[in-house]
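Structures given as structure tokens follow.
In the two complexes below, subunit A is the common chain; its partner is subunit B in one and subunit C in the other.
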Partner chain A sequence: MTARLAVWRTPKLYIGGQFVRSESGQTVAVATAEGILHACRGSRKDLRDATEHARAAQPKWAARAALNRGQILYRLGEMLEGRGAGEAADRAVHHAGWADKVTALLSTLNPVSATYVNYTMIRPVGVIAAVVDPATGMLGMVEALAAATVMGNSVLLLVAAESVDDATTLAECIATSDWPAGVVQIVTGTLSELVGHVNGLDDIDTLLRVGTPLDAEVALAAEQAGARTIRRLVDLPNPSIPATPEQLGRLAEAKTVWMSAYEPQGGAASY
Partner chain B sequence: MTPPHELRLSGALDLAPAPERTPVHIPPRLGHFIDGAFVDGSDTFDTINPATGDVLAKVCAAGAEEVDAAVRAADRAFREVWGPMDGAARGKVLYRIARRMQERSRELAVLESMDNGKPIRESRDVDVPLAANHFFYYAGWADKLSYAVPGRTVRPLGVAAQVIPWNFPLLMMAWKLAPALAMGNTVVIKPAETTPLTARLLCEVFQEVGLPPGVVNVVNGAGATGGHLVGHPIPRKVAFTGSTGVGKRILASTAGSGKKVTLELGGKGANIVFADAALDQAVEGTINGIFFNQGHVCCAGSRLLLEESVAADFLGRLQRRMSTLRVGDPLDKNTDVGAINSERQLKVIQHYVDVGRNEGATVWQGSATALPKRGLFHLPTLLLDVDSTCTVAREEIFGPVLSVLTFRTPDEAIKKANDTEYGLSCGVWTEKTSKLFEVSHALNCGVVWANGYNLFDPASPFGGVRHSGFGREGGLAGLAPYLEVT
Partner chain C sequence: MHRPSFPNDRPWRRARVDNAMVAARCARVRTRSIKTETKDHLLRLALSMVDLTTLEGVDTTERVEALCRKALRPLSDRPDWPSTAAVCVYPNHVAAARRVLGPVGGPVKLASVATGFPAGQTPLATRLREVEQAVADGADEIDMVIDRGAFLAGRDADVFHEIVETKAACGAARLKVILETGELGTLDNVAAASRLAILAGADFIKTSTGKIQPAATMEVGLVMLEAIRETYLATGVQIGMKPAGGIRASKPALHWLVLVAETLGSDWMSPTWFRFGASSLVNDLLRQLVRRDEGIYPSPRRFSVD
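Let's turn to the complex of A and B:
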């Protein structure tokens, strides 16, 4: 009797809610315990497509009830648990709980000297490109994804080829936990190359670094390139600890509204 | 719809001059303020009164050595005096500054109007009181830092390098200094090269109230001086207010330095007027939105979005109101619109009006007075029949020029308002509450005025998104840029 042969997974990118191969047709070979895997080598065009999907999905994602976003993140935790990724599942559940609470911590009611109700609330920054240190494993990926999306952003996860197995598992969990297409993209390849591609895109609002994913030269080039589009830079250097509300706040913008409370005052305020 | 018995306002409002006469002292030569002392420098240039063209003073431009001396003084003051000082004591020094600014407010206002060109009515009633209030507000935070970020430990960063623009010289200085100092940082600040005078007087205030030497250092000069300051290795914080172009250069130059950067850059604010707005109040708000400070306001409401059904009516009211604006001597208490700060900026504004005309806009200008024969002035200007693709609807003009567009539905208004690379501010005018909230919350920008425009308060965070920069000034959110959180 022949021993059963395993059914191997084909690693793919996850873009716009679809499992797709890189349009480049190229792969990066990775040696694993089970043998060689060929991770898709994400190209500039893959990332441009991913950004378009992310941009289109973001406003609807942010407009969903915070409770609903929390439930979807919780559902991701359930799926991760089923794949034996307990630590990552715990992280998804942790951030799920922030969805309808972090706003209360980061918003203010500002006592201004005028007849207005003045409040500052938080708004997503928009589209986040998160580059994940492979040393941080599945936990680093889930931390990046959860921190970005719990604040109402959409995200491009840039994942090193060596993490392709975890990335595939994560994409499968995302695909089966009610995420609207386009909120999360997962693109594998060589991190320095992927970041180089992202530097050329105009529509990325924030570069999020999880762990220490880039060598000094690439990190410097990314920072310099980000100036072209006033791209924000946020670091989560130690994803073994969940992002604090203060850190989550860096993945959001403060928006202040002067809401008229009495008869309109025209332009003449009581300075 | 012109009322049948319209008063002919143009030329009918000749008023006797009402000049502000408070005497001010302007030293003939301005150096720098380093380690608590006024020091002379070299490489002088002139700062002029834009309303007359007269030279007000010679100003020295700081080179790398002077900037280095200022930064080292700040670093020493941070480590030895200001950083270790008890928060309550720091607060009391800031309260003294606020009080002394109030006491010397008229001097500050006159200097500001002479150097910048803004009407005395604004410098006296807006800039100076707000600047003093900013110190008063942040003074109160100095002994409460442990409550700023619940559950975390916060520390000052160290030396902050700050570069500010010429449109609100004193107010921007207060916005930059007050939160930095309250949290125990020390500062080297560079005022704009065309408006150094009120910074000089504020340094006198610092001496009077006993601010320890080195806590605030002022270096004068233009872009090169700013480059030395921003590029100096010691500062751990860079704060800049100014153009998006310079902001990008600063961001690129600080890459890899680990410096915490905040940028408050340009804008192309939309002021949206719905048919169900209180139209006369909206006219006032529109006037205030674009002609306040000659339109030299990063958050100016420089795009007027009118609901089509009231566009003609509203424009009639707006044009009548513009015909009452008095353009002229900034030191005259009746002046509504003062002088353009520099020849260069006046040329920029004139260039954009030409571009608007060439791209199909109709140019309409109005005022109650003829333009003065001397000095740098520009008539309040409407660019009519503009659409979203026009240059004058996309680029910041930074002058008294309002581009007028129309819309039919709230969705279209939101789309047009958000159709910009910038994201600093917007205004919304309607008496319908649900629409006011819906539109205010849908606008992609850092500040929204619902039935108002150009309102500022120290308790209210201000700042932009996208190409308008990042970081907030004012309120609790204004603490974060000057703190290290662990």
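Let's turn to the complex of A and C:
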């Protein structure tokens, strides 16, 4: 057999279901055991594009049957398993199971002393930007992705250039596990810079921090921007433990419905 | 009123277009960089050039009224930003729109499509009656469609005649002639139809109804702008241009302005001579303007749904 030349993967961003280079054309050099990798340096325009795709995809994703969202997450687990990312695969399977159960846990039927049925249901917050601590590795990325999407949100994963190899593997798994385009985008670059771009985007509903990805100054700026754009900030400080239903609930909004329960035959019904 | 007579030599049919050059020029315009201050100016200018349009079967009086209020003040908390050039509605809604826009002469003009929009396949007598009614109800501008079937079949005299008659029925209202370039097939046909419409008395030539794809491509636009330029150089008569359909974002709108400025010069850079037929474009222009104002790229959900 003849000797083969190495075939290297070209690291790219994953936006709107496509592998694309940063529109800026800029990269961040990362030293790896094999040599130097050039990760795309996601720009402000890349994040704008990613947000537009995420916003467009989110309602259709949320409208899918919960079972189907679970199946797609499970399929992601299968793909990760094939790439030797066992721990991350387990996490995808774990959250896949929550897809058709978590709404039942977090929704309530509220007793009220009037002739109404009163219930609270949960709905996705919308578009989530998840900034992932590189120390949490592939598991951190999958935790962020799975927690956001199992609740019916679309997500922008903001990944440090040093995690580019895992990010590329994850993007390849997503591209081959039936995710509708736009539900997950993966943008690599410098985390403080990417979060700075998110601060200037009004159309992102929640900033999810996985691990401790930001230093105090950047975190404060993100919190201030969040106050200005009415953006929720959610932390999953330790992704080695899967998010609990209560934590998942932070990635959803509660909607309470008052429904008339008047019954002409027998007066007020009791519920 | 002077009614132009049909020139039997049909001079417009001699117009020829070099498709490759048109494509190359449009490609160059699309890559033109625009400086930030110029962009600020052009975004406002583009906003002031929009014919804010609703042409749906589900249009209601309320919807038209809301559209008129949006045309007068596109963003409620920015009263100093320009209003759009006009609103464009079906003839049935002209009277309702006039009530909201106020008496003739206000900042926002009132345009009505007429003549059996969008097909133009109704008898000429009823088409003219439609125009008269729209003008009587208060329309400042009439957007007519030509009978594309007649043009493609070579019955140029019929097309010429219907434009002449419609122009006469318009009275003082300005006449925009919709060529529906998506149905004309070739750029040579677009060049011919543009010249025909201009000779027959069009005040504006307009690309499309918005009901057919492709609509306002830049290639078609350039050919039409060249017809306007040729007319101006030969006769000194200034004709307006209105691309319509498919221009939904600020970036292509700016490209159009570059194309106009390069082809016709600054005399055409005003709502009197250039319009965008659009609806969702307004929200995108507002979005870019708010971004410049506040430093945050606003969510599209901050703007009204029309």
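We adopt the following convention: the second predicted complex is superposed on the first by the 260 of 271 C-alpha atoms of A that agree within 3 Å, B and C clash if a C-alpha of one lies under 4 Å from a C-alpha of the other, contacts with A are read in each partner's own complex, and residues count from 1 in each chain.
Here is the rule we go by: a residue touches a chain if its C-beta (ideal position, glycine included) is under 8 Å from a C-beta of that chain, and two chains touch if they have at least 3 such contacts.
Keep in mind that what you see is a predicted model, and the values were worked out from it rather than measured.
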(request) For A:Arg228, decide between first (touching subunit B), second (touching subunit C), both and neither. (result) both
(request) Once the structures are superposed on A, label A:Arg48 by its partner contacts, choosing first (subunit B), second (subunit C), both or neither. (result) second
(request) Counting touched residues of subunit A, say whether subunit B or subunit C comes out ahead. (result) B
(message) Tell me the contact category for A:Ala135 with respect to subunit B and subunit C: first, second, both or neither.
(response) neither
(message) Quick check on the superposed pair: does A:Ala29 touch subunit B, subunit C, both, or neither? Answer first, second, both or neither.
(response) neither
(request) Based on the superposed arrangement, let me know which partner A:Thr108 touches: subunit B (first), subunit C (second), both, or neither? (result) first
(message) One more residue to check, A:Ile241. First (subunit B), second (subunit C), both or neither?
(response) neither
(message) Output check: A:Gly200 vs subunit B and subunit C. Expected answer is one of first, second, both, neither. What do you get?
(response) second
(request) Go through subunit A and flag every residue that touches subunit B in one model and subunit C in the other. (result) 228-229
(message) Residue numbers of subunit A touching subunit C in their complex, please.
(response) 48, 55, 200-203, 228-229
(message) Taking the touch rule as given, give the residues of subunit B at its contact with subunit A in the complex, in rising order.
(response) 125-126, 129-130, 133, 149-152, 244, 247-249, 251-252, 255-256, 263, 265, 278, 280-289, 292, 429, 431, 436-437, 440-441, 445-455, 457, 459-463, 465-467, 469-470, 472, 475-477, 480, 485
(message) Quick check on the complex: what are the subunit A residues that touch subunit B?
(response) 105, 108, 110-114, 116, 118, 120, 123, 125, 205, 216, 219-220, 223-224, 226-230, 232, 244, 246, 249, 253-260, 263-269, 271
(message) Touching residues of subunit C toward subunit A in the complex: what are they?
(response) 295-302
